[in-house]
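Two complexes, one shared chain (chain A), two partners (chain B, chain C).
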Partner chain A sequence: MVFQSWYFILFLLGLSVAQNFLLPTQRWILLLLGSFFFYSLTGWQPAILLLFTISITYGSALWLSHEKQQNRRYKILLLSVTTQILLLSAFKYLGFFNGLIEGISDWMQSPSWVQLPQLMLPLGISFYTFQSMGYVFDVYYNIRKPERHFGHYALFVSFFPQIQSGPIGRSKEMLPQWKSIALPQWEMVRMAMMLFIWGILKKFVIADRLGIYVDEVYDAPQQFSGAVWILILFLYTIQLYADFSAYSDMAIASAQLLGIQLPENFLFPYKANNITDFWRRWHLSLSGWLRDYIYTPLLFAKKKWKKWAVVYAIAITFVICGIWHGPKMTFVLFGIVQAVLLIFEMQTKDWRARLSNRLPHWIYQPLSIALTFVVISFCFILFRAEGLHEVKAIFSRLSCWDYASTLDYLKEKNGSVLFGLFAMLGLFLLVDEKISSVIRNQKENPRKLGIYFSIMMVVILIGMVLGKEQFIYFQF
Partner chain B sequence: MKHALKWLSWIFLITAVLYISTLFCLCKIQYNRLPLFYLIMGDYAAPNGGHTYHASLDWNDTVHFDVVVLGASRAQRGYSTVLFDSLGVKMFNMGTPSQSLLNSRILLEKHVQSKNVKEIWLDVVPGLFKGNAFESTSDLIQNWSPNKTALTVAYESKDARALNLWMKRLFCSNSMEQEGKGKYCGNGYVEVNASLDSKWKTEFEAGNFGKETKGFVSFSSEAIDELERIILYCQSENLKIKLIASPITVFSNRWDQMKMNEIIQPIVVKYNIPFFDYSNRTEWNTLTDFYDEKHLNASGVRKFNLDLWKSMSSHQ
Partner chain C sequence: MNNEQIFEKVNQVFRVIFKNESITVNRETTAKDIAGWDSITHLDIITGMEEAFQVEITGFEVMNLNNVGDLLDLLAQKLAE
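Right, the complex of A and B next:
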């Protein structure tokens, strides 16, 4: 059941109305039932697995709270985290190992000696595993006490608006909300409606429209010239943001309608003026999780190494970030490239500061934003390509500046349509922040909000592209 | 609650006004002699006109026909109204490109009753069972008269794009002549007088056919239900209905064809209706009787129609 379906909207409205008949302290029951019903639509096996993860982490946290000895606490943490990683690996990474075994067998020119079973990837497993693992870390580091209410904890892990693709919630922000769920005021409902519609616009008018152009070129990488490829790299960068932020907005809006606040996931990432800044704005819930539970502990563990401790922590964190996205070498490489870029920025911090002082702000700022956008667009080749062979093919095409085929492409696509597309994207990037701030402001003039809402509805009705229901991040 | 209702009514009103006026402008402002509408919605809207528009102009609810043919492009280009006229059968071909079973039913319910038609021939191909094809919805909304039928097609498609097309229908005149594939011969029939095109000829000569190991179409239960609704409507209106699978080339996916027959057989037995299956007949030659991988050319149509008429006469 995807967010933009009528079934989901009816399901959400049904729950929202039904909440009125329950006391604030009882509403979690309805949300938990709704969440398990929602997740069970993907099959009973994934629901059992989810329940298993909930039980394991719930039990681990309680066990941790009873244990005073640091050594034993560490062992409990290790046991809990290992179990979860093994579970995640079994569903997500067995295919990767099969590929590795096949590769070695090919290289040794001998038949594959073992074939690991290929399991179906349960929806949202990477997200809820990290969310529940984060909770166990919180209890281990004494950031919070363990949740004793199993129902509240189960809802924290399985809450349906976020289970498919996040935002990855944090226990200290989420768990207290279940105790007493207040019904949202009209201003909040209106804001949620606006946010949901803004998400639909980003998904159907921008992301899916760009997807038509991007998919065509990625499906036949050898047929297009370097200039077309550069255009497509930029389009994909915007498509990915529009698609994922659309999902996040719809998740946040759905939760708001039920009286729950989810964390924000994006902070206008293409306004970043360097890669470090980009990671402070992109997929905030994941980057925050990695910072708090991987980067910071690693940094403290190796603080004697001084500057090298940072390099070490960045490298490990971003390789994990890459692997988290999926069992492909391209993702691992994506993580490594990000780590290299961040370390480079760390090393050149003083030099860049001097440069920014020398150049006028109106030159340095747009230039650094544009450069960051270009670098990120090239990095996302690793995100979108099917494998390293495709990455190689794309880079070989990027050096091939065949003007005739570029002109053919522009002609076939109709220059005016492409111009309109770029005008739309420019407008989107310009107004994104403005619209986001207006629709999140509960005190905004209702008539002004109504006009915004109507404009968004009309843009959706006229400009929507149908046919792709899934969000890009569902694959993770 | 009062605030909410007031705000919702306000945005509904503003949205409606804004939507209609935007579409009006997109239809009236032209670029390269085409309304701006096509620049934005060109992926599913085509300039008005073409064979469906002509067929719609030829159709009259008060004129009596012996047979009405329904189906997709293979029906539109596979049943010659001219030939059947010479055999004494007054036929109207209501086939339109990619016509889904849902749209066939709407056309049937809106225009065909026992007082103006005796018999329905439904041309069945695996593609019909994929579900609702938007190409057919788009074509009918833009070109089929009257507005009421177009509105029903738009409503039943449950697709926001259909609403845009219906609004466009109100604002853009349908006077442009668009050339479609083949020649319009009257009463809905489109004739293509050509031999197999070079692309398919090369494929044929290279032997690139019959190698598929699985089907391509995912058969939708909604489409199967629509077929039953069509049959039930005909029975309630005392219209005879015949299902026909027209001849296919060697390029057709035999797995899909088999699957379709498996679906159709129990239905024809259940409702006791005749099914003329030409998909398993071998006397049609891909090189000479077709102009592409699935459509009969004029000579193929002639051969098929005469044989079909003979079979039907002997069946009666």
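Right, the complex of A and C next:
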């Protein structure tokens, strides 16, 4: 059940209304039943697996709290994390190992000696595994006490607005919310509705529209010139942000309608003036999770290495970040490239600071933002391409500046329409922050909100004719 | 070493790390309050404290630090051991 369907909207409104008939301390029951109903629509097997993950992590946290000896606590943590990683690997990464085995067999010119079974990927497994694993880490590090209420904990892992693609919640912020759920005030309901509509607009009108152009070129990489490819790389960068931030906004808005606060996931990432800054703005719930549970422990475990500890921690963290996205070498390479860029920025921090002091701010800042956008656009080839062979093909086309075929493409697509599209995207990136701040402001003038609402609805109605697509991040 | 002396020494370490003599932290200060306090600076702060107080701070202990107050308590506890 996707967010932008009538079924979901009816389901959400039904739960929202039904909450009125329950006491604040009882509302978690309704949300838990709703969450399991929602997740069971993908099949009963994934729901059993979800319940298993909930039970394992719930039990490990309680076990950790009973154990005082540090080395035994460490063993419990290791056991819990290993079990979850094995489960995640079994469903998500067996195909990756099959690919590796095939690669080795090809290289040795012998038939594949083993073929691992390919299991169906349960929806949201990467997200809820990280969320529940984070909770076990929190209990291990004494950041919070274990949750003794099984129902509250089960809801923390399975809460339906976030289970499909996050935001990955933290136990410290999420678990206390289930104890007593207050119904949202009118200002909150209004804000949630505006945010949901803004999400629909970003998905239907921007992401899906761009997807048409992007898919066409990615489906036949050899047919397009370098200039067309560069255009498409930029379009995909905006498509990915519009798509994923749309999903996040709808998840946050859905939770708000039920009286629950989810963490924000984006902070206008294309305003970043370097890659380090980009990772402080992009997929915040994942990058924060990686920072707190992977990067920081690795960094301080090797703190005597000084600067090399940072290099080591960044490298491992971003390889994990890449692998988390999926069982493909392109994602691993994506993680490695990010690590190299971040280490490069760390090494050139002083040099860049001197450069920014020498150049006028109005030159340095836009140039840095534009350069970061271009670098990210190239990195996202690894995100979108089917495999390394496709990445190679794209790079070979990028060096091919065939003016005739570029002109043919512009003629076919109608150059003025493309120009209009780019103007609209530029406008979107410029007004994104303004719109987001207006619709998130509970004290905003209702008349101003009414104007925003009307404009968004008109734009959506125009965009509705462009068809429906699935969210890109569902595949993770 | 009493709490006041620990507090003063902690402030000195911060001033050296951030190369800013005007910095004064308090118990509520967090990374959000000081410009440039990123994860690399965080590593410098912890190793700076270890050298200044001749103690060892483990990664596990670092994970539990939410603000300068937690750091002061940890240092006081380690110095008392």
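The criterion applied here is as follows: the second predicted complex is superposed on the first by the 471 of 476 C-alpha atoms of A that agree within 3 Å, B and C clash if a C-alpha of one lies under 4 Å from a C-alpha of the other, contacts with A are read in each partner's own complex, and residues count from 1 in each chain.
Just so we're on the same page, contacts are C-beta pairs under 8 Å (C-beta built on N, C-alpha and C of every residue); 3 or more make two chains touch, one makes a residue touch a chain.
Because the structure is a prediction, the values reported are computed rather than measured.
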Overlay on chain A: chain C relative to chain B, clash or fit: fit
Touching partner for A:329 - first (chain B), second (chain C), both, neither: neither
Touched partner set for A:420, first chain B, second chain C, both or neither: first
Which superposed partner A:183 touches (first chain B, second chain C, both, neither): neither
Touched partner set for A:230, first chain B, second chain C, both or neither: neither
Touched partner set for A:2, first chain B, second chain C, both or neither: neither
Between chain B and chain C, more extensive residue contact with chain A: B
A:212 touches, of chain B and chain C: first, second, both or neither? first
Following superposition on chain A: angle at chain A, chain B versus chain C, Cα, nearest 10°: 170
First, second, both or neither for A:374, with chain B first and chain C second: neither
Chain B and chain C, minimum CA distance [Å, superposed model]: 38
Contact set on chain B toward chain A in their complex: 3-4, 7, 10-11, 14-15, 18-19, 22-23, 26, 31-32, 39-43, 134, 159-161, 163-164
Contact set on chain A toward chain B in their complex: 186, 189-190, 212, 414, 416-417, 420, 446-447, 450-451, 453-455, 457-458, 460-466
Contact set on chain A toward chain C in their complex: 70, 141-143, 291-292, 295-297, 299-301, 303, 306-307, 309-310, 346
Footprint of chain A on chain C - complex, ascending: 39-40, 43, 46-47, 58-60, 62-64
